[in-house]
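To keep things clear, I will list the structure first and then write my remarks on it.
Which chain is which? They are A, B, C and D, in the order written, and residues in each are numbered from 1.
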Amino acid sequence: MKHSLTEQMIRTAAGLLEDNKTCFVGSGLPLAAASLAKKTHAPNLILVFEAGGFDPEFTRLPLSVGESITFYHATYAGGMDDIMGDAGKGMVDYGFLGGAQIDMYGNLNSTVIGDYFHPKARFPGSGGANDVGSLCFKTIAIMRHEKRRFLEHVDFITTPGYLDGPGGRERAGLPAPGGPWRVVTTLGMMGYDDETKRMELLGVYEGVTKDDVIKETGFELIIKAEPEILPAPTSEEIRIFREEIDPVGVISGKSKGKD
Amino acid sequence: MKHSLTEQMIRTAAGLLEDNKTCFVGSGLPLAAASLAKKTHAPNLILVFEAGGFDPEFTRLPLSVGESITFYHATYAGGMDDIMGDAGKGMVDYGFLGGAQIDMYGNLNSTVIGDYFHPKARFPGSGGANDVGSLCFKTIAIMRHEKRRFLEHVDFITTPGYLDGPGGRERAGLPAPGGPWRVVTTLGMMGYDDETKRMELLGVYEGVTKDDVIKETGFELIIKAEPEILPAPTSEEIRIFREEIDPVGVISGKSKGKD
Amino acid sequence: MNELPQGDMELASRPLTAGEARTWFGKKSREQTDKRMTAKEAVEKFVHDGDYVGIGGFGHVRVPMALICEIVRRKKRNLRIAGHTACHDLDFLMAGGCVSHVDVAYSFGHELRPVRTRVGDRLIKAGKLSTQEWSNASFSWRYKAAAMGVSFIPVKVMLGTDTFKYSGAKTVRCPFTGEIYCALPALYPDVVLMHVPRADKYGNCQIEGISIADKDVARAGKRVIVSAEEIIDNSAIRENPHLTMIPYFCVDAVVHQPYGSHPCEMPGSYWFDEEVIAEYLKATQSEEDTAAYVKKYVYDVKDFNEYLQLVGGEEKMKRLERIERFEESPPYPW
Amino acid sequence: MNELPQGDMELASRPLTAGEARTWFGKKSREQTDKRMTAKEAVEKFVHDGDYVGIGGFGHVRVPMALICEIVRRKKRNLRIAGHTACHDLDFLMAGGCVSHVDVAYSFGHELRPVRTRVGDRLIKAGKLSTQEWSNASFSWRYKAAAMGVSFIPVKVMLGTDTFKYSGAKTVRCPFTGEIYCALPALYPDVVLMHVPRADKYGNCQIEGISIADKDVARAGKRVIVSAEEIIDNSAIRENPHLTMIPYFCVDAVVHQPYGSHPCEMPGSYWFDEEVIAEYLKATQSEEDTAAYVKKYVYDVKDFNEYLQLVGGEEKMKRLERIERFEESPPYPW
């Protein structure tokens, strides 16, 4: 079955999630990825919502990380302070993040393009992203892979990656362990080099080359070996996504006449 | 009707409580006083319990400030952090305190007699007393009036009064306004001089003289005028106490064969 | 390291000292009086131009839209808003010309909806809106500090980022471990707007489901207006005192307003009115259409009940209730 | 003032750094597994000599007496106890010879009961028990700091007193207002003992009525043993997720123990067994009688259910239930 790029990204992100782990999810792609993981290899993955929902049983995709579906038949429905305290104490394993820009240390910008006081574009800001990036053990960024987004320096560090490199988080006072782990993009998947904390190419999608990735990355990517070809979604995974997770097409764009 | 000394003290403490105010109460005399106030001149006095109960409807006297009666048909039953946060923010007007010793600035000892590490007697410690003494607007101490209890210096400051006098609370960082207000004893009632923050005799019970009080006070009491004679409990007040508040005699001691 | 890092921005809302806090809250009445009034009365009495405003709920979930519409109708100006996931609530206040400053955590967005609101953008580009940055958890903890009656609270977020640099936060060292913490200033809004499922006439409120930060938000507000889907008897509150999330002594006004969160969701009761939200988002693409939207849905109706009629009345509300109960599929009309 | 005041005592339980906390709690399982076991198994597995112990409930209200009896039976030694209103719970552990240190807020007392326990007195005078001082609210906030994952929290109590001097607290200045605050160290007990009305087999717990500090105590414990009056199905937990006060991932062991708080009160279920408390208080007047009491009610019975038989069995329990429901007058047998 032919899959869309969105479905490829969702499958790649889903594959990162181990069973019986906790995961902060936002609405949209992260939730789709976590839902796919739950319906395939990680049935006991636990979804955590920053507004207070913990481990709900889904009936449809929420539009908001605070709407009632995020705590429908949940294990618990608390406050944001509860959930964020739990995360601070190391109870949340994964966190999904998005952004308009990312740099080689995984710092993310979801605040402004250009000067803060005279922005070319103003985005919603941190929301819970700074908190997730500060407190989760392993964060997974999901991004469009474009040169104007993968930058030497982001215009604004909304959410901490490794900040200025090795030891940067510790110097700033961020609690260890924690930090960026994977970046799932429209071209493939990156990780981070243990020593330098710089972004490293791990894999590409079928039909994408190393050079395609280099061309769309505005900083020097660490490439230690030929990137693996990431598995495409299986027919069953595509079916699950289209029929069970996003039948209306909120994420795929079908609902708004796209695809 | 002949009243007991306990009844006199309860009546005197009750008379201090204005309607529509909030009051931290412990079990025992404070609760009896607050209950009497509610059943006479202050029907809307609001009882607050440090463990989390707020404005319960009583059916019998609690033995513990945490037992279910302290939140039976209450307005709210929260946590100690809620209640103490409310108090810190100035939502609790009165607080009752007890102790083994008191000094002229209203500092109270409910921890040890003698040296801390080799005490002659060990008492339960602060409990919520330090918190009440730190956070309520006006605290009311209830004490036996004896020279060995009313001391120049207490052995241990468990609960802050005015500490070392004017400005003492502010220097220590305690939030203003707040502090000691009244002391109801087995002989009468004291307050505090505005300027010096020292204890001042305000009134005595029928049959008690100023000299009786001076004799049982181990520091110089401020006496600006002849102390007023405090009203004795009325027959109706005695009846309410004996029949409605403490029918079993838990507070009066009847239940344990005294009185 | 002698000099501890601190944010560059001046706080839009300075924390009260413990003494200032108790002086203010000490004057709030403890009396159990009937605080019911109309939204108009509540807004006139308790919302003033220039106020710093905290909003309960979560952006477009359980948000006090009836109170917000009334603030727009009464043309309050220069409000400064805590953007603790502020979506439709903040956006509509901006569309109504009421806002001069936003403390941003999540603002200027509508989460998953694909149409972007242009209201904040236009204000920022016109130099009519100042901002500074925080995070969602930071707001929760700033409110918690206020609820505790302290002026700051140490946390482990915001550190090392521009979110910190463009905030008014500071850093402190833990006196026990020597670690650096982000010191957040307590947030005491001048006025808090909150929508709840149930309240009694005194202001005791019950909320099911996630509480976000509302327990602390209500305790932090210098003045608090609550709107409620339903007014229940005080005896029902007292039957389950552990369900009282907000005690009456925090609350200054109680406004009875069924569907008071429309077009946003009321968990367990009614879903988003995505048709109305879509119409709004479309209108925000131009200044003129925005003004026309506000005129049609606020100025040209006398109150929120008339607005509810205008957007579809009982038939629409029953449909939103069926969607919330999973009895009907939701529309995605963007 | 350059030098800020600090307490003289060395902390009995140092706060974890944020990194230490997340390293410990990060290793706790998130898996929803059946954690039911006997009190014996739970105590053997999770309570070790020398542990710092936090106890839920309030002194003699909703206290985990079955777990405490088991600790006495298993002869755990040198426990250090958070005396956050510790009454019968702490006293009985001391009577059993299990305790070497108490962080006192309220300890060595039984509130309104006129007979004083002598257990603590004897230990202190024999030099067998060390102490330091805190207040009740301080304990609540020390647990809250731990629940938040931070190492300290600023508060406005204890300042200026000997309670502060004989504690391990310090002071800090607010970086915003310049005020002095008491800095409390986060409290992460090695093990927490907690009794609740209802839990599922995974450890999700519901509690009605006042919560004291239990929401935070459970989140602060490095290991947490919960005993429950009733085990309910996970689906019942999920019907009302906002009633989950303690989520399963905090909990290491679930012990099903009806009347698990006896002779103390279980709010809404059964009242104090004042006859047993009076017998205990009388016994504590001498070392020999104390030992005999412990032998009779702990060593000479095989478990808590046998103890319940010994103190009057079902008939007694039903009577305590009637008293709690106001259907019968309580005895005051001291």
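Throughout what follows, a residue touches a chain if its C-beta (ideal position, glycine included) is under 8 Å from a C-beta of that chain, and two chains touch if they have at least 3 such contacts.
The shown structure was predicted, so the numbers you read here are calculated from the model rather than taken from an experiment.
Using the average of C-alpha coordinates as each chain's centre, B ends up farthest from chain C. Just to note, of A-C and B-C, the chains joined by more C-beta pairs in contact are A-C. Distance from the chain C centre to the chain D centre is 38 Å, each centre being the mean of its Cα atoms. For the pair chain A and chain B, the distance between mean C-alpha positions equals 58 Å. Here the CA centre of chain A is 28 Å from the CA centre of chain C. Per-chain CA centroids place chain B at a distance of 41 Å from chain C.
Multi-chain contact residues, meaning those touching two or more other chains, occur in chain C at positions 17-18, 141, 148-150, 155-156, 171, 179, 181, 208-211, 241-242. For chain B, the set of residues touching two or more other chains reads 53, 71, 77-78, 81, 88, 135, 175.
The chain pairs satisfying the stated touch condition come to A-C, A-D, B-C, B-D, C-D. Across the complex, chain D is touched by residues 20-22, 44, 46, 53-54, 56-57, 71, 73-78, 81, 85-91, 93, 135, 137, 175-178 of chain A. Chain D contributes residues 5, 57-62, 83, 85, 87, 104-109, 111-114, 120-121, 124, 133-138, 140-141, 144, 155-163, 166, 171, 179-182, 208-216, 265, 267-268, 272, 274, 324, 326, 329-330, 332, 334 to its touches with chain B in the complex. For chain A in complex with chain C, the touching residues are 27-28, 49-53, 59-60, 62-68, 70-71, 77-81, 84, 88, 107, 111, 116, 119, 121-131, 134-135, 156-160, 163, 168-169, 171-175, 248-250, 253, 255-256.
For chain D in complex with chain A, the touching residues are 17-19, 21-26, 28-32, 146-150, 204, 219, 234, 237-239, 241-242, 244, 247-249. Across the interface of their complex, chain D is touched by residues 4, 6, 11, 14-15, 17-18, 141, 148-156, 170-172, 174-177, 179, 181, 183, 185, 207-211, 240-242 of chain C.
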